[in-house]
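Should a chain be cited, it is by its letter among A, B and C, assigned in written order, with residues numbered from 1 in that chain.
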Amino acid sequence: MTEIGMYGQQETRQRVRPRPAWDYLGIALLGFGLWVLLVESNSFYSSVLATILIWTIATSGLNIIAGLGGYPSLVQGAFYGIGAYGSALAMKWGQPFWAACIEAVLAAGILGLIVGLVFSRTRGQYFAIGTMFTGLVVSLVLSNWQSLTNGLLGINVEFGFGSIDQLNVVIPAAAAFSLMLVRFVSRRRLGWRLLTILEDEDLAEHIGVPTARTKLTGFVLSACVGAVAGVLIAQYNGTISPDLFDYYVGFVMFVALSVGGAGRVLGPLLGSAFIVGTPDLLNLSSGIGLLLAGIIFVVVIIVIPGGFMSAIDAVMAAASRSVRR
Amino acid sequence: MTEFLEVEGASKTFGGVRAVDGMDIKLAEGQICGLIGPNGSGKTTLLGLLSGTYRPDRGTIKLRGQRLDGLSTHRTVQQGVARTFQTSRLFFRWPLGANLAAAAAARLLTSTGDDADGGQEKLLALVGLAGRGDVVCSSLSNAEQRLAMLAVALATRPHLLLLDEPAVGMSPAETAALGQVIQRIRGELGVTVLIVEHNMHFMMGLADRIVAMNAGRKLAEGTPAEIRGNPDVIAAYLGS
Amino acid sequence: MLIQAAVNGVVLGSLFALLAVGLTLTYGVMEVPNFAQAGVITLSAYAMLWLNQTAACPFWIAALGGLVVGGVVSVLTERIAYRFVRTRPLAAPVVALGLLLILDNTALILFGGDHVSLSPPYAGDVIYVGSATVPAVGVALIGTTAVALLALWLFLQRTKTGRAIRAVSQNAEAAAILGIRLERQYIVSFFISGILAGLVAFAYGPMYAVYPYMADAILLNAFVVVVLGGLGNVAGAAVCGLLLGLLESFGAIYVSAAYQNLFGFAVLLLMIVLRPAGLFTNRSRRVA
C-alpha cells in the first residue's frame, strides 16, 4: 500500500523511496566530501564554503516549518542571530562553551515559542509579513541595546573549540546532521502532520491532526536549528555584529530555501550554495557581481519555480524513462 | 439511558444572525438521520457545531455522554466524530492510499501512518473504490472524489459520521450507489450517520428519521413518510 | 515641540502615503509584494539627477523625465519578471529580491555609490508654522502627495481604466469574466506605480540624498502602511500612511529616536495578529 512520504512541493508522482539507510549514508558521505573540500581549499573558497554550510544548517531548520509545513517564515535570521549573540554573550559571562551553546539554543527556542504562539492564527502572506517584521524588531533591538550587545560595533567571540581543525569538522558534520534531521522528521509523526498542514490545514484538523500544536513544535524546532547555525557562524567569524542578522537575512534564507527546493532534504544545501555562492564567487567590480546574481535569481526561479530539486527530479525522471526504453 | 448523540438547546450566532437557535436532537446509535431544510436554515452550521469548527454560544452537545461542545475539531475527531464537506476536500496531490493512511494514523496516534494493508483495502472496497489506492486524488472523477472523501472520514474510525450534501454532482446511478454505501457503513461498521441533503428522493429511501430545520430551529421531526406529508415543512421549502 | 512633531509627522506621513499607495496598487492587482519599488525609486531619482545636471535640463523637465523613467522601469519589472510568477506566490519573494538587486546595482554601476544631492530650486528654503520649521522640500513633499493622491482618486473613480483596475483588485476572476483584459490592467497599474515611485524620488531625494540604496529603508515603513490599510486598499494606504507618519514622529520626539521604527512595526505586528485584513478592509480577503 501507500506510505506517507515526502511528496514535496511539486506535482506528485508516486515515488518509491529506497531504504532509508541509503539516504543517511549518502548524506554522511556528502558530509565527508564537504569536509575534505573545506580543509583542502584555499582560504577564500574555504570561507565561502563554510558560510554555505552554516547557511545550510539554518535553512534546513527553516525547511521544517516552511518546507514541510508550508508556513513562509521570514524570521529565521533572528534565531540565527540569537544563536550567535547568545553563545557569545554567555561565554563572555563566564559560561563554558557547551553550556553557552545550549543556552543560546534554548533562548531561541523560547523566542520561537512566543513568536509561534503570537502567530498561531496567522497564515500565508500575513504570516510571512508578520515574521519578517518580527525579525526586524529583533535586529533593531540587537543593534540598539548598546549595553548588552555593544550595538553596531559588534562583539568579539571567544573561541570555544579545541582547535580550528575541530571547527572544520563540526561545520560539515552539523550541516550533514541538519539534512538528516529533516529526512528523519519527515518520516515521523511531526513530519507527516506538517505535510498534511501544507496540503490542507483545515482538512488536516478534520482528520484529527492537532494543527496548532504541530505548527508550534515545527516552528520551535526550526528556531533551535537556526540557533545552532548562529553559534557556528559566531565561532567561525570570531566577531559578530547586528547587520549579520538583519531582517534581510531571514528573507534571503527563505529565498535560498525556495530556490534550492522547499520541502526537499537537499534543497537547503543547493539553495544556500547558490544564494551565498553566486554573489561571493561573482565578486567582480562594484555592483556587476550582484547585478548578475539578481538576474540569475530571477531567471532561475522563473524557469524552475520548484527550485533546483525539482529540476533534478525532472532530469532524473527523463533519464529513467530513456533507460527503460 | 444516555442517548448516543444528544444536542440540547444548541445556539450559534454570527454577527447578529442566529444561524442555529436552540436546536435539540437525539440520535440513537446506528441510526441514519437526515437533516433537511431550505438554504440558510443552519444545517451546515449545526454540522460545524458537532465537528468542533464552532463553539455553541449556548447549549450542550454530548456524544455517548461525553461533552463535545467546546472541543477543537481535532479533539472531536479523537472522540469519534468525522465529517465530509459540500465540496470535495482531499489531499489532492497525494494518492488516495496516503490520504487514508494519514487519517488512520491521526486517529490511532501511530508514528508513520502505515496502516495494515487489509484495513485500507477493506475501506476502499466498502465505498466502491477497490484498487484505487494508488491513484492521485486529483485524477479521480468527481463522484470518486466524494466517495474518497467518505473513505478518508471513515479511516478515522468514527462513531458518528456527518455528511454534508454527499450526493452533490452525482448522477442518479452514482447517487443510488452512494445510498448503498451509506447503508453498508451503518450495517457493517456500525457507524451512526447524520446526512445533510437537498435530494429528497435520496433521503426518503435512506434515512430512518428526518429532522427538518428552518431559520436555525427544528421545524419537524419524524419518519420520512411523516415529514413528507408535514405541511410546515412543505411551506418552508416553498416559501424560501 | 508638539507642533514640530505634528509637522514632522505630516511630512513623514505624506512620504509614507505616497510610497504605500504605489505599493498597494500593484499588490492589489497581483498579490505580489513589490520590493523592487525601491529600485524604481532609485533609478527614477538618478534619471532626474542626470537630466538636470549632466544633460542640463531645467529642473522641472528633469523631474518629468524621472517620472517617465519610473513608469517605464516599473512596467518592465512586470513584463520581464513578475508576470511569470503570478500563479506561484512562493516564487515572488525570490523575484522581488532579484529585481531589487538588479535595479540597485544598475544604479550603482551607472552612477556610482556616492551620496549625491538632488537640488530643486527651492532647496534650502524654510517655512515657519507657528514655532515649528519645515523645509521647503518637506512642503513640496506634502504638496506632491496631496496632488498625486487626488489625481489618483479621480483616475480610479472616474475613468474607465481606473474602474477596471479597481475591479481587478477586488476579484480578478470576476473581472476577467466581465471582459476586462487583465494584462492591460496589470501594465497600467505598474505604470502608475512607477510614476508614484518617481514622485517619491522627486519629493524624497532632495530631503535626504540620492544613492543606490536610498529607498530600501523607508520601503519597510511603507510596507507597514500597506498592511495596515489593507492590501490593495488605496484609500486605506493613504490614511494609514499619514497616521503612521504622525505616530513615528511623535514616538521619535517623545519616546526615543533610535526606536522610531519600532512603533510602526509594533502596530503592524498587533494588526497582523488581530486583524490581518487591515484596518479598513471589510471585504474578507483570503487570509491563507
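Just so it is clear, a residue touches a chain if its C-beta (ideal position, glycine included) is under 8 Å from a C-beta of that chain, and two chains touch if they have at least 3 such contacts.
Here the structure is a predicted model, which is why all the values come from computation and not from measurement.
Engineer: Once you draw an edge for every pair of touching chains, what topology comes out, line, ring, star, complete or other?
Structural biologist: Its topology is that of a line.
Engineer: Among the chains, which one keeps its Cα centre farthest from the Cα centre of chain B?
Structural biologist: The chain farthest from chain B, judged by C-alpha centres, is C.
Engineer: Quick check on this structure: which chain has its C-alpha centroid closest to the centroid of all protein C-alpha atoms?
Structural biologist: Central chain: A.
Engineer: Give, as an integer number of Å, the spacing between the C-alpha centres of chain C and chain B.
Structural biologist: Distance between chain centres: 50 Å.
Engineer: Report, in whole Å, the distance between the mean C-alpha point of chain A and the mean C-alpha point of chain B.
Structural biologist: A distance of 42 Å separates the two centres.
Engineer: Cα centroid separation between chain A and chain C, in whole Å?
Structural biologist: Computed from C-alpha means, the inter-chain centre distance equals 32 Å.
Engineer: Considering the complex alone, what residue numbers of chain C touch chain A?
Structural biologist: 31, 33, 80-81, 84-85, 88-91, 93-95, 97-102, 104-106, 108-109, 113, 212, 220, 223-224, 227, 231, 258-259, 261-262, 265-266, 268-269, 272-273, 276, 286-288
Engineer: Could you pull out which chain A residues touch chain C in their complex?
Structural biologist: Checking each residue of chain A against chain C gives 9, 72, 118-119, 121-126, 128-130, 133-134, 136-137, 140, 144, 201, 247, 251-252, 254-255, 258-259, 262, 286-288, 290-291, 293-298, 300-302, 305.
Engineer: Would you pull the chain A residues touching chain B in the complex into a rising list?
Structural biologist: Spelled out, the residues of chain A in touch with chain B are 1-5, 7, 11-12, 14, 187-189, 192-193, 196, 199-200, 202-212.
Engineer: Show which residues of chain B lie in contact with chain A when the two form their complex.
Structural biologist: Checking each residue of chain B against chain A gives 51, 72-74, 77-78, 82-83, 89-98, 101-103, 105-107, 109-115, 117, 120-121, 133-134, 136, 152-153, 155-156.
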